[in-house]
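Below, subunit A partners subunit B and then partners subunit C, in two separate complexes.
Moving on, here comes the complex of A and B:
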């Protein structure tokens, strides 16, 4: 037998180990292979266990996606509403989080006095306040946007502040001596400096925003994806439920890809 | 009227009455005439950079006042003063050309002139081929040359320089010093320069202010009567050695004092 699986790591010569590692990193085939293997195992396991109403096999999910989810105008509309809510919540979270982060992180006083408060709010399981959001913002999209935003904003604030901690003060001094305005300092010194940390926050924020929006959707489930999610779950019909979740996942992946593109653009100076 | 006027400036760091309060400068006064090159020479920690930061408007003195062209300095005055820092303050996230663009925009230079102005400034320090590079892709010496060129491109009457050559090796330092002397002969800027280096001080300055150990006071003033631009051979003359020795004699005790304090 040959190939990387033949021996333990210790038995492999260094050169061969390097070859094996190169193959692993370079191979898109491996990634797809892993995915397909998991899908096949899942299919087998789901069929083996019979239709237990909890887990659907991938083929059934795919069929549900094509025959049940995508053709249904109501579900499509609900998905569009969810995407709009997530996008709005995310935009507010990123813009607001950045501004709050810069305001708090600008001075040591702000960092010392306000940052612990931010961390305190970040640590609270916000779902406990969900009923208050609904009372305050109604059962429409506003409550979902607000709740998504309240989840998504914290990673942005925290990462913005963390990124500002070790800004080289000479860059700020140099900027002031060149006559760069306060807004210009944020734009030309602070933002480029914190990009790494900021974009890590953005990716986390995307996940959190989606979580917030979907939690709110589930809680107020008279319409929208929350309604359908609950309906499929209550009727022990997992295939369309999984299909619906897959669509949301695909949306999340697409949005994260956009964040990544922006990140690559901003971090190109690091080479 | 003096271009820069420093009047009875004292400065301390730390809160009054606290044990860690440090007196950095004590009753410093001097004037710099328009077009004059004045160097502040002194041992480590004597408040040289503090003094420069005050002239640059980055720091307010605890006591006394700083004036530029007769107006008090309360904040950076980008129209009148350019500041070249010890380490290159080219923003690493922008290319050399983008770094110049930010400055030129602040100077209200029309966009159509940015490229020619940038290239002219880079050419003056021999760096015209590196406009598209990121600072990281250049050596420390190249970065500092460009940093210097950017300071000059600010087109201000006054240039403050805080040990601009400190991060360089001695050879690059010499060459850049010669470049600077030649540039100054052409532009006629007023320059306040901070350094540790005796040779640099004598080679470049019209006047050298020797500061004492902390808290810094002006211990003596040494005049260098040699027109700009100065040829490299100036360094080989007996005048040069004499002035250098004179500065060292003034500094020697202060250096020991500063070192003793650093150990204590």
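Moving on, here comes the complex of A and C:
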């Protein structure tokens, strides 16, 4: 996905920064209570309907996680490869997206002429090109890194340019008068100015990078995670499938949390 | 803006487009790139003409568009309803907004194998997957829209004796609609991309299936012809959606 999610990153629902008033207080209790109730109802319903090959009860999923998924060296290797792919794709997307964003956003001419081209590519559902990535990069990690990167780079470019749009040109001139280098301008004038928009881009970029890598992993069903999910789905073995997906979900949550921690660390000067 | 400052960006964009096309010609003519990866432009044009004339084109387009439409209607209705119901109480908003936004930060593609398991390889699984993925931005923005309506506006309207429906029609809806429209737009394009993606990963019909199939059969010209259709559809839909949005915003 992506689509003209394009110009919308900044418009999307604002992230809440509400300080939790103590563990399990009011709203949090309601949230966790609902989740636990759903899990219990799920357990009861799945047991009551018996083994239908479609839905496994949570306890069976936990058992499959401990006895089937985690001890399996091949699955562990596939999961580690996926984490490496996401990390590599994200690193390239962030570095490349920032450089392209600064280059395009540097001048008004660059913004007016090149930004629409960026938005044009962002508007195309990139999944149409997925087979092309596999033809070009093979079925190994390279294709998945490239596809993840192609998803993750756009939010970074778009938000870098959006952040640069309203930099006061006088700050840049002032810095230049004081004899600062180009890199110095980027480091001390532009970067502090765009941090808010940039980190919003980084958060979306992580989700998109994971989306790209997972799409490519599922598309290539002869190896890696796609192979195991297809195998479990084809043999109607829901417990290990749910367990494998739970591990991937936990990985995705952890990766999102790391981006948020980095954001909090880098933005602490903003208070 | 002066005339020249509007002219230059267009000139640069035209140059880049022409340069890209020229590069495509030169690279394919030189034989440096395997035609399996990048066929010549004229081969793609021929394949596209043959594709549009073939019997399988419109059925495949029809299958995909119907799935997208059904998924989007489900996503929009469920998202709007959920968002509206949750924002009826500040406690519910505080309890479930983090949950909805937290799930949306996880790539829902992860759960795609479950949709295949539950709904099979047919279009139902793509419909359900697209609907679930599209639900989140709609619900999230509906929550954001209704939860951030200025309390003073609501209180003022109540003081003036507005009915519950009047409050909704004349205060809540106008205040929330820009944010909700953004959610509806993002949700639509997410439905579009996830149905295509689902078809490419595992399906028996539709545009995404045909792109993946052409790649498997090593028919790159045909694959590019399908990709051209997707790109064109994306651009037309983008233009269409922003026109609709502008019209609603103006009225």
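Here, the second predicted complex is superposed on the first by the 226 of 271 C-alpha atoms of A that agree within 3 Å, B and C clash if a C-alpha of one lies under 4 Å from a C-alpha of the other, contacts with A are read in each partner's own complex, and residues count from 1 in each chain.
Here is the rule we use: a contact is a pair of C-beta atoms (placed from the backbone, for glycine too) under 8 Å apart; a residue touches a chain by one contact, two chains touch by 3 or more.
Every value quoted in this text rests on a predicted model; they were computed, and no experiment measured them.
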| item | value |
| --- | --- |
| Which superposed partner A:39 touches (first subunit B, second subunit C, both, neither) | neither |
| Subunit B or subunit C, by number of subunit A residues touched | C |
| Partner chain in contact with A:269 - subunit B first, subunit C second, else both or neither | first |
| First, second, both or neither for A:192, with subunit B first and subunit C second | first |
| Which of subunit B and subunit C A:28 touches, first, second, both or neither | second |
| First (subunit B), second (subunit C), both or neither touched by A:127 | second |
| Which of subunit B and subunit C A:173 touches, first, second, both or neither | first |
| Touch list for subunit A against partner subunit B, complex | 170-171, 173-174, 176-180, 184, 188-189, 192-193, 195, 269, 271 |
| Subunit B residues touching subunit A - in the complex, by the definition given at the top | 53, 56-58, 75-76, 78-79, 81-83, 85, 87, 89, 91-95, 102-103, 106-107, 134, 136-137, 154 |
| Parts of subunit A lying in touch with subunit C, wherever the complex brings them together | 1-5, 8, 11-16, 18, 26-28, 30-31, 34-35, 54-55, 108-109, 112-114, 116-117, 120, 123-132, 134-136, 203, 207-208, 210-211, 214-215, 218-219, 229-230, 232-233, 236, 238, 241-242, 245, 248-249, 252-253, 256 |
| Residue ranges of subunit C touching subunit A (in the complex, touch as defined) | 5, 8-10, 12-13, 16, 36-37, 91-92, 94-99, 101-102, 104-107, 109-114, 116-118, 133, 137, 140-141, 143-144, 179, 182-183, 185-186, 188-190, 192-194, 196-197, 200-202, 208, 211-212, 214-216, 220, 223, 226-227, 230-231, 234-235, 238, 241-242 |
